[in-house]
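Structures are listed in the sections that come next.
What follows is chain A paired twice: with chain B in the first complex and chain C in the second.
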Partner chain A sequence: MPRIGTDEWVEQQELRTEYYTGLTAPARRAFDRVGPGPRFLTFLAICALFPFLTDSPFLIRVGVNVLLFALLALGLNIVVGWAGLLDLGYVAFYGFGAYMYAWVSSGQFDIHLPTELAIPLVVTASALLGLLLGLPSWRLVGDYLAITTLFFAQIFVELALNLDRLQLPWMDEPLDLTGGPNGIPGIDRMDILGIELPGVRDYFFLLLIVFALVVIGLYYVNESRTGRGWRASREDPLAAELMTTPVNRLKLLAFAMGAAIAGLSGSIFAAVQTGVFPQNFEVVLLIMIYAALILGGAGSISGAILGAIIVASVPEILRTPENARFLFYAAAIAVLVATVRPWQRLAVVVAAVVAFGAVLYQLVALAWPVGVEGELTGGRFSGLLESWMVIPAENQELIGNIAFVLLVASVLTLTLLRGDARLMLLVPTLYLASFVWENRLIAQPSVTRQLLFGAILVAMMTRRPHGLLGTPRVENPV
Partner chain B sequence: MAALLELRKVSKSFGGLDVISRLDLHLEEGEIVSVIGPNGAGKTTLFNLVTGIYAPDGGDILFDGKSIVGMEPHRIAKLGIARTFQTLRLFLNMTVKENVMAATYGNTKARVWQSALRTPFARREERQVDALAEEKLSFFGKRLIGYRMQQPAYSLSYANRRRLEIARATGASPRVLLLDEPAAGMNPVETHEITELIARLRDRGGYTILVIEHDMHVVEGISDRVVALDHGEKIAEGSFEHVATDARVVEAYLGAKAVREGEAAE
Partner chain C sequence: MDFFVQQLVNGVTLGSVYALIALGYSMVYGILKLLNFAHGEVYMMGAFIGYFVLTGLGGASSPMLPVAPVLILMFLAAMLGAGLLGVVIERFAYRPLRDAPRIAPLISAIGVSFFLQASALLLFSAQFRTYNTPQLIPFSTGLEVGPLRISLVRMLVIGSSIFLMIALTLLVNRTRLGKAMRAVSYDREAAAMMGIDVDRVIVATFFIGSVLAGAAGVMVGLVFERVFHFMGFIAGLKGFTAAVIGGIGNIPGAMLGGLLIGLAEAFSSSYISSTFQNLIVFGILITVMLVRPSGLLGSPVLKKV
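Let's turn to the complex of A and B:
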């Protein structure tokens, strides 16, 4: 019976808070009760512990990448998530910051500014460049702005590649500005207030501090008149303008702040890598930053951070076959748990897949013994698969390829089927997927990595189109 | 007494079509003036000219004695002219309270760095904005306050969206409110409520109001003065009774033939 005085939204709100059931419910409710401040502090504390848990320079380098990605995603979030401007030139600011830092602290021009001076200089210059490149947003919106700014991103890479022989009329020798394809090597390590930063671990802590300050600052800006002004101009620029908001000025401010954060990350990146190269700033990176932001949820600070963690760390996790295998089966089971309900039906499907594999293995062993004599790629869990997975010792590649085509066909058929027929086909499809995985994909980590990563992204975005931590938005009907 | 808002021989045409031609209009402080006229008479264009969305081709628009022609719309709004839209244009994905708070941008001063550092000034201003938004929302009784303030605007009913548009306009602390068909799409009870609300906005809020309205009951109930437009020209002006019985107004609404037939029937 509908209660008097509550409307649909309020009822849904109550549903939302009472939604949690099962074992994790108390933990999730407790998480909701804790404010954003303590949550963020806990997150920072975990991050700060990370370098003490591992000695591997590789892992700490991954941590540095995650933080750089998080900073970039946060900066992009200002422009795309809050101000609603599709800026595809964003990566140019990152590159500009890196090159600018290289100019003032390397042997390129023999300028070695102290870090305390170099960083503010780079950040200011990046912000000014942001103002300049933000100007088209006064006239262009949506797709048109996207194309124009994409041009800026492209031209940056071209300039970096070609400005090594800049002939100026008043100079006898051509000026080498960017080092061309070879980039600028030998960049000074940072030295902040007398504390030298010799190793990757030190940069991790520097980045963590910068990251914390940026997050806190952005959180407060988002809650302020500026944040509201950005969101209002995103929702309806004309209405915002008529409600005293200087929309054009706010657009430039968004561009400048995004560029400043990108430039700051760029300068730290240059120092960590002790060199800058044109291929560091290509459109692929831009797509990855966008993927992080959209995956996490554009417009949400925590979403940008979570997206950056996933996008920067998952490809690294997938580097080794064991991890990749673990993620593959974990992802398969997660998809099953999410889509096959109730759990009784899920149990039947899993049991059927296991039985299907065991029977098939015996049949193949009887009919064509060579078919099961192949070696499983080693690593964890390979023992579990031993008398389940068919691994041919001959023609493995050909059989694997045929299975791949069959897999695609059966997945497509799956989407057309409904009800029990779908469940029946699901069993061989799952086995086929594992077969293709074990026979073909796991042997080629570089390709597999991208395939699996792409699949994970597609699955996550399909489940939550508004991003993992984003809020669903309605479109303005105007 | 000088008029608060004054249009002098304002003209605007789109590709040879004169939408507003040599229009004179004035609005005294504390007045409620209704603009009526058939569809395409140029009523909304009049609002767009006053708020700076369009620049007039000729003539002058004075607010408080100073010309506002050529000013950016947000500056005009900051001077004290706020409006609502015939087709609702709320910030749908922002909360009800944020919608009103967003309209205070021009009247607040905290810089970005002050907000980022949460300086005492920024915090004080934020508290003021918060209180102002709640005050403006409470103008509508219990309809927009309480739990509703945290709802996203898209979750509101149609009538409440119309109310929120007015609340948002008052959030800009204007002297003149331009209301574009505030009663459009509302049922008779809600229409009656809007009529009372407009009177209350003038009496208690102290706003001078220019309103476009098709519902003649509303126009009759609220107007100090009525201006009738047709094809961008003012065809009548004065009290409701005077304008409603004016031959040219009746003709504009019903057509010359209908008027002649009506006379013949009498």
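Let's turn to the complex of A and C:
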């Protein structure tokens, strides 16, 4: 818990001098001694190696998504994390950038600008739009600003959907601006300084360069007078204004910079996808970007990047049942290792779960033989689960649903219990979790993704309200 | 003129449902300064509970009981179920975040919303369910004034939401609990020092707000018939909008905001253009926000040094 009167800098100073214990302590101390520059370079180097480690276009596409998300989260971080303005219209800038790029480099109006011209144009236009839509922040505060900007996001989607037959008084033919629900297909690939970018891999490198430049830029902006001005007006706008900080101008600047980054990533997104469609820019995306930023820790550059990696990559790994099963059990064990200490107790819990399953399996086989005759979904690792996991051949869905409700109830109860009672309940809960997983969830990856995403958000927030890498700070009650 | 009145009735029906949802948002905001994004999902669960009570009692075509007890049971079950759900959400997703930065409970709320939506998809599947209201209460029954017809279902919805709103107003203004709620929303710390059990008041607020959402769910099921796992999102957005337009945290404001949005939707879709219906509604709302930055009935935000 942050103490009253401790400001961000003091808080970080304490973190810097924190004394680590345990086996990982030397590594963590060494990590702390490395400055942000070398750390970031190492990160970039690992990212740059990634496309050489895999041939799968799917994985590289996931990498592109991660970088796009990271850019979006960084842009949002300016507005939400630094300037403290709750902007729920952020995704409109991303969409605007994508559509703007589509207008100037596709067959829609038969304009094919060179990429070196198109990108600055899109970025400038997005920044101007950001200035315009940032104007309400002069008058509206907090949640009222949030709802108004959310209207902008909704209006953008509505316009994209409906501006396909715009009848202007001085024109004979209706004007097709956005292609309506079908979007604008056939967008040109990018071509920068004579280097063509035909494949997804090339866009990965382009995005990596853009990402590096943006991160470096933002790092210096954050340290600058402007960055301090943002933080000051976030903490207390009135006091900041009295200290001659140009609060309103800084708000607009935050909006414009965030919008410029969003527009830039939008244009790259349009080129990667070679098309833009209204459903790419809906509120769900906005929620994902917010989740990335808040999970990582609002106000922190590395936090935004970490959050983007988690939010954009974890759901993709869950897509195939084999990977999903592996990930599920790996994650379960990781959570156990992180929460149950010391290791003797952990060993007891794991052994108890294995024994519990084996006994239950035999009991069910005796009492209701049909109950164990079902087939496991997905091939890999299924041999290990035989004669442990109960898979009913009849009423699987109904039993799975009841088990799901029971699981939610027992997980919630777990959070209330302490000590031995918690361990006692943990054993059946773990078995129940794998039962629900094998019987119900593994066959429905999209539902599972959403369930897990929601659960992770709640669990993360209740454990670390300031995000993984965020700094705890005291807020004034409104 | 008849068409106008017909649209007025449609707008009021829609508006009263939005108002009920908005009340839940507004009450929770008033006390915790939290945008409870999971509220729309509570409403969706209420609609599903109503549906399952109806099917459990034999379905709309051959109910085991007369119509009135069926309806009362549906409403009671949905309201109770939704209320309990609201209390559970508060206990596990928001209470640990009471003193966290304001954006943290917001993200937690979004997580709850995702989780409930996916749970509904898992438990009830993606198919659309229908209440089949015409078989329960034929749409032809109702009040007829000249060429104008108001079906019984709509009258029921408008009537019961007015009843609920009056009950809520009395509760907030005339009871000890209501007084405690107003005190907590004014200043939580001071209220705690005066001996008010703040946790209990917050739980009660969540319960009442969610009860209203559950009732709204059944009403929407009765009027528009279709119930599905995604219905909470849009309705939640509209309810939230209504709450903010009216001045969030302000109870009469939420009612006014809901009514306004319902009317704006009904009239813009019938008189102007159905494609640009949402655009017009959002345009009106932005104008309202810019003219009155803290909502229609909200008090302006005080600047403290």
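Rule of thumb we're sticking to: the second predicted complex is superposed on the first by the 432 of 478 C-alpha atoms of A that agree within 3 Å, B and C clash if a C-alpha of one lies under 4 Å from a C-alpha of the other, contacts with A are read in each partner's own complex, and residues count from 1 in each chain.
Note that a residue touches a chain if its C-beta (ideal position, glycine included) is under 8 Å from a C-beta of that chain, and two chains touch if they have at least 3 such contacts.
The shown structure was predicted, so the numbers you read here are calculated from the model rather than taken from an experiment.
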{"item": "Clash or fit, chain B versus chain C on superposed chain A", "value": "fit"}
{"item": "Touching partner for A:V247 - first (chain B), second (chain C), both, neither", "value": "first"}
{"item": "C-alpha centroid angle, chain C to chain B via chain A, nearest 10°", "value": "80"}
{"item": "Chain B versus chain C as contact partner of A:M257, first or second or both or neither", "value": "first"}
{"item": "Which of chain B and chain C A:V340 touches, first, second, both or neither", "value": "neither"}
{"item": "Partner chain in contact with A:G217 - chain B first, chain C second, else both or neither", "value": "first"}
{"item": "Which superposed partner A:R225 touches (first chain B, second chain C, both, neither)", "value": "first"}
{"item": "Partner chain in contact with A:L238 - chain B first, chain C second, else both or neither", "value": "both"}
{"item": "Which of chain B and chain C A:N162 touches, first, second, both or neither", "value": "second"}
{"item": "Contacts of A:H466 with chain B and chain C, given as first, second, both or neither", "value": "second"}
{"item": "Winner by number of chain A residues touched, once chain B and chain C are compared", "value": "C"}
{"item": "First, second, both or neither for A:L129, with chain B first and chain C second", "value": "neither"}
{"item": "Chain B versus chain C - smallest C-alpha distance in the overlay, whole Å", "value": "6"}
{"item": "Residues on chain A lying within both footprints (that of chain B and that of chain C)", "value": "238-239, 473, 478"}
{"item": "For the chain A and chain C complex, residues of the former touching the latter", "value": "80, 86, 136, 139-144, 146-148, 150-152, 154-155, 158-159, 162, 238-239, 283, 287, 290-291, 294-295, 298, 401, 404-405, 408, 412, 415, 440-441, 444, 447-448, 450-451, 453-458, 461-462, 465-466, 473, 475, 477-478"}
{"item": "Interface residues, chain C side, partner chain A - complex", "value": "29, 33, 35, 88, 92-93, 96-97, 100-105, 107-108, 110-119, 121-123, 237, 240-241, 244, 248, 275-276, 278-279, 282-283, 285-286, 289-290, 293-295, 301, 303-305"}
{"item": "Chain A-facing residues of chain B, complex", "value": "51, 53, 72-74, 77-78, 82-83, 85, 87, 89-94, 98, 101-108, 110, 112, 115-118, 122, 125-126, 129, 147, 151-152, 154-155, 157, 168-169, 171-172"}
{"item": "Parts of chain A lying in touch with chain B, wherever the complex brings them together", "value": "7-10, 217-218, 220-221, 223-229, 231-232, 235-236, 238-247, 253, 257, 471, 473-474, 476, 478"}
